[in-house]
Amino acid sequence: MKLFPLHAHEIASLTQGEILGDANTLITGIAPIESAQAGDLSFIAQSRFLEYLHKTLAAAIFVDRKSELSAELRCTLIRVANPYLAFVQVLKRYVPLPQTAIGIHPTAQIGKGARLAANVAIGPLAIISEDCEIGEDVQIGPQCYIGARTRIGANTMLFQGVHVGHEVQIGSNVIVQYGAVIGSDGFGYVPHEGKYHKIPHLGTVVLEDEVEIGANCCIDRGTFGETRLSRGVKLDNLVHVAHNVFIGENTVIAAQTGISGSTTIGRDVTIAGQVGFVGHIKIGDRAILGAQAGVTKSVKAGIMVSGYPAREHNKAKREEAALRYLPDLLKRVRALEKMLKTGGQSSQIALPENAQDDTEERL
Amino acid sequence: MKLFPLHAHEIASLTQGEILGDANTLITGIAPIESAQAGDLSFIAQSRFLEYLHKTLAAAIFVDRKSELSAELRCTLIRVANPYLAFVQVLKRYVPLPQTAIGIHPTAQIGKGARLAANVAIGPLAIISEDCEIGEDVQIGPQCYIGARTRIGANTMLFQGVHVGHEVQIGSNVIVQYGAVIGSDGFGYVPHEGKYHKIPHLGTVVLEDEVEIGANCCIDRGTFGETRLSRGVKLDNLVHVAHNVFIGENTVIAAQTGISGSTTIGRDVTIAGQVGFVGHIKIGDRAILGAQAGVTKSVKAGIMVSGYPAREHNKAKREEAALRYLPDLLKRVRALEKMLKTGGQSSQIALPENAQDDTEERL
Amino acid sequence: MKLFPLHAHEIASLTQGEILGDANTLITGIAPIESAQAGDLSFIAQSRFLEYLHKTLAAAIFVDRKSELSAELRCTLIRVANPYLAFVQVLKRYVPLPQTAIGIHPTAQIGKGARLAANVAIGPLAIISEDCEIGEDVQIGPQCYIGARTRIGANTMLFQGVHVGHEVQIGSNVIVQYGAVIGSDGFGYVPHEGKYHKIPHLGTVVLEDEVEIGANCCIDRGTFGETRLSRGVKLDNLVHVAHNVFIGENTVIAAQTGISGSTTIGRDVTIAGQVGFVGHIKIGDRAILGAQAGVTKSVKAGIMVSGYPAREHNKAKREEAALRYLPDLLKRVRALEKMLKTGGQSSQIALPENAQDDTEERL
């Protein structure tokens, strides 16, 4: 990735870094440490990459302020609080992403009463329905759809082809990727005489500031009330969030996870991929939910759970490990029973060979 | 949710209810019992909500005709056969949902030979391909796509951005939510000399009357013949239905479930979220499939299964519970073995009856 | 499915088949063996369908060149190397699928500098962004979006409503179904002081020749570098492929599988539905991954794994089978312990402390 040439001291200044080496080193590109070439700026965020320091061709490298590194290197070091974050700051400043051109494309449809702030970018064939409010510097990608009376805060970016229903509230600095659906009806029916009668969904969805929604996710609106994703929540692709779910601040959710109706999830929770939740449960703050976990009851704050049904992670791992010995255990118990039945002095009877196991050490 | 003011007797008349209390009570809004305010109409469908009866501010409440309730309440009761259903009837009658404006938007594309019945609503930038038939009162949302020769029955509603392939048959009173795909090609290939050769998919999809399809679902067409969702089938978001699947009447399927090719599912089946099916199996009527179940063989009518591989639910629960003791059991058996190897005469002790098992043959 | 009338020898000539019976048999339709009618061409690919040979009304049937079949049949046999493939060849030759009309629809948007080769078909309301390159005979369906500087090879077909980001590379003879997303940003953040900072995704996606992507799939671009699906990879619906994943040639992946970041998958791998992978692992060539497997570590070439956590398939099956006996085993061990404690001379032997459990009450 080429950069307009910069000196190391300019990079250090942007990232509040401290230079170790030549402050005038010329930087002409940017790359991860494994693939960095001459002239590149790179970073080392984990100690397992430190080995690259001595063989890389990179011109300058962000390193952790706390790591003690010899100055006897060919390259310039820039010491910062968070090397990966510093690297990202440089990317954001100097490697602009493609943007929808500012202004309203002539093929976009703008409904009656819609209010568009300054510097909005509305892509071709996008539809902004009546009475929407679109904040400053918002980018609405091509072919997006924004339902009636929806409000979108400043600096939010919708990729192409996003589906947003009516009366949804989207905050500032939100990102919604291709094909995501915000504001579908929840899966709610009244069963009566063998048929399912649809419950109208009159609620809404609230995406607070700095939320990010992955491609082809689906966020249902509340039946009444709202489905709320709090500030800083991040969703990977193909995540399902049902009606009236609440997700606390800075919780991250990996791909293909499904959250059932009226579930309450705390803040700073980490949810891996393909996790499923039954409805109406509570997940405490800072909990960690392992991949494919089937969460059938509430989880306390700070706990890691995994497996189906989800249980405390170390317990789940012990049980899974023990399961490996179960086929053998069946044989051993049978041997014990036979021994006791046919008896005499059991001390003379040899145990089956496989009875000498190593479970004690390994479990 | 505000309503145009109505008297309790008008509500009772709409819902065939019987009033207990003041028939002239004025109703000005509608809300669930937990959040009902003065003037609101609400409902109590489950006995655990009965406690609200004495503290709610609601003006009138739907209650079950069969429940015996004291008339010493501040609010008016409306006794009906199904309180939640009555509440939904009022919502549908008095709280209109946003609709696509009737008529064909000037930016919609209507193909040659397409026949559109009276009162259809075709949203902006929608495409109706050649020789389609669209029934009365059908709403096709903005940016929808309807492939050639597809037929859609009366009063069906497609949300925005729905993808419908060619020659699909959609019944009356069907709802398809944002981004759903009806009529994709199935995942079928002939392997030959290390490569996969695509099988053309010449079949179709049939959605019978009153089917509902959630956001971003995918329903594949038959290879030959059809994929059929019978009357009243309801799909949550992100459900996958493969080629030549048959789903019986009033079966409900929660989010992210995947149904493999040529699977036959009975009527009134309940399928929870993230369930997976191998292909070519049969699920009997009224079966219940627990969340995340991995269904590897046919399931009999009326049976509940869960777990991976899916098995009779009570059995699965017993096994999961037993698994909790397995790490401990390993230690206990080791202790028994040690004891018997070193120990006294056990031959005098009779074994319990259940010790005679057939595990040796079966494992 | 009706065909223009053909003689058996014409079909044999197309498929390099050898006729057993009347070479002049007239063929007027095509159908699977279970539903073939008089005049139809059909095929038998598996021996379990051989029973149909004597009762079918079909006029001609493809059979395996290696199978020895009596010539005393009413129908004509066409002996070929691969009967299903021969059948597919006839379908492809004589049953044309609906196509987007050749040429650029007047409502399509073509960006500045985009280069379109001969015979392209660009559907209504599609967007081809600036500086794209579209190869010969490419079909871009209605309402598709192709981001800036993306390249698409000859004879590739995008169904309606496909989302392709900027600078993506798509090979020749690729198929992408409805609603699929190619080139979304990966799920990458730098955590810093309790917040997640988005990592710009500067990499790309490469789909090599003959790749097929199912409906509503999501393929993320690399953070740096690329996400690559090699020649002949086939994805079913709703599959998630994260940033920087590599998938080898002719690997097939069933619906709703999710592949985490930087995972490397070999060639000729078979991945069933709803499989999940942790990131940064390697799956060897020709490995087979069972449905719903939770793959937590690398898998060697040629191995079949299943279950959660994924382990060698036969082992997993043995353990699952053994689990059926576990509730009973708990009782049996308890009986043994009681026997040894109370009985004969074994009473002198102290049981280990943890042997006093409460399973009897709780199970």
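As written, the chain order gives the labels A, B and C, with residue 1 at the start of each chain.
Rule of thumb we're sticking to: a residue touches a chain if its C-beta (ideal position, glycine included) is under 8 Å from a C-beta of that chain, and two chains touch if they have at least 3 such contacts.
Bear in mind that the values here come from a model prediction, so they are computed numbers and not experimental data.
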| item | value |
| --- | --- |
| Chain contact topology (line, ring, star, complete or other) | complete |
| Copies subunit C and subunit A - interface residue numbers shared by over half, same or different | different |
| Whole-Å gap between the CA centroids of subunit A and subunit C | 25 |
| Chain centre separation in whole Å, for subunit B relative to subunit A (CA means) | 27 |
| Junction residues of subunit A - those touching two or more other chains | 125, 143, 161, 179, 216, 238, 256, 274, 292, 308, 323, 326-327, 329-330, 333, 336-337, 340 |
| List of subunit B residues in touch with subunit C within their complex | 109, 125, 127, 143, 145, 147-148, 161, 163, 165-166, 179, 181, 184-185, 187, 189-190, 192, 194-200, 202, 216, 218, 220, 223-225, 238, 240, 242, 256, 258, 260, 274, 276, 278, 292, 294, 296, 308-309, 315, 318-319, 321-323, 325-326, 328-329, 331-333, 335-336, 339-340, 343-349, 351-352, 354-355, 357, 359, 362-363 |
| Touching residues (chain side subunit B, partner subunit A) in the complex | 1, 31-32, 35, 81-82, 84-85, 88, 91-92, 95, 97-98, 107, 124-125, 142-143, 159-161, 175, 177-179, 210, 212, 214-216, 232, 234, 236-238, 250, 252, 254-256, 268, 273-274, 291-292, 307-308, 320, 323-324, 326-327, 329-331, 333-334, 336-337, 340-351, 355, 357, 359-360, 363 |
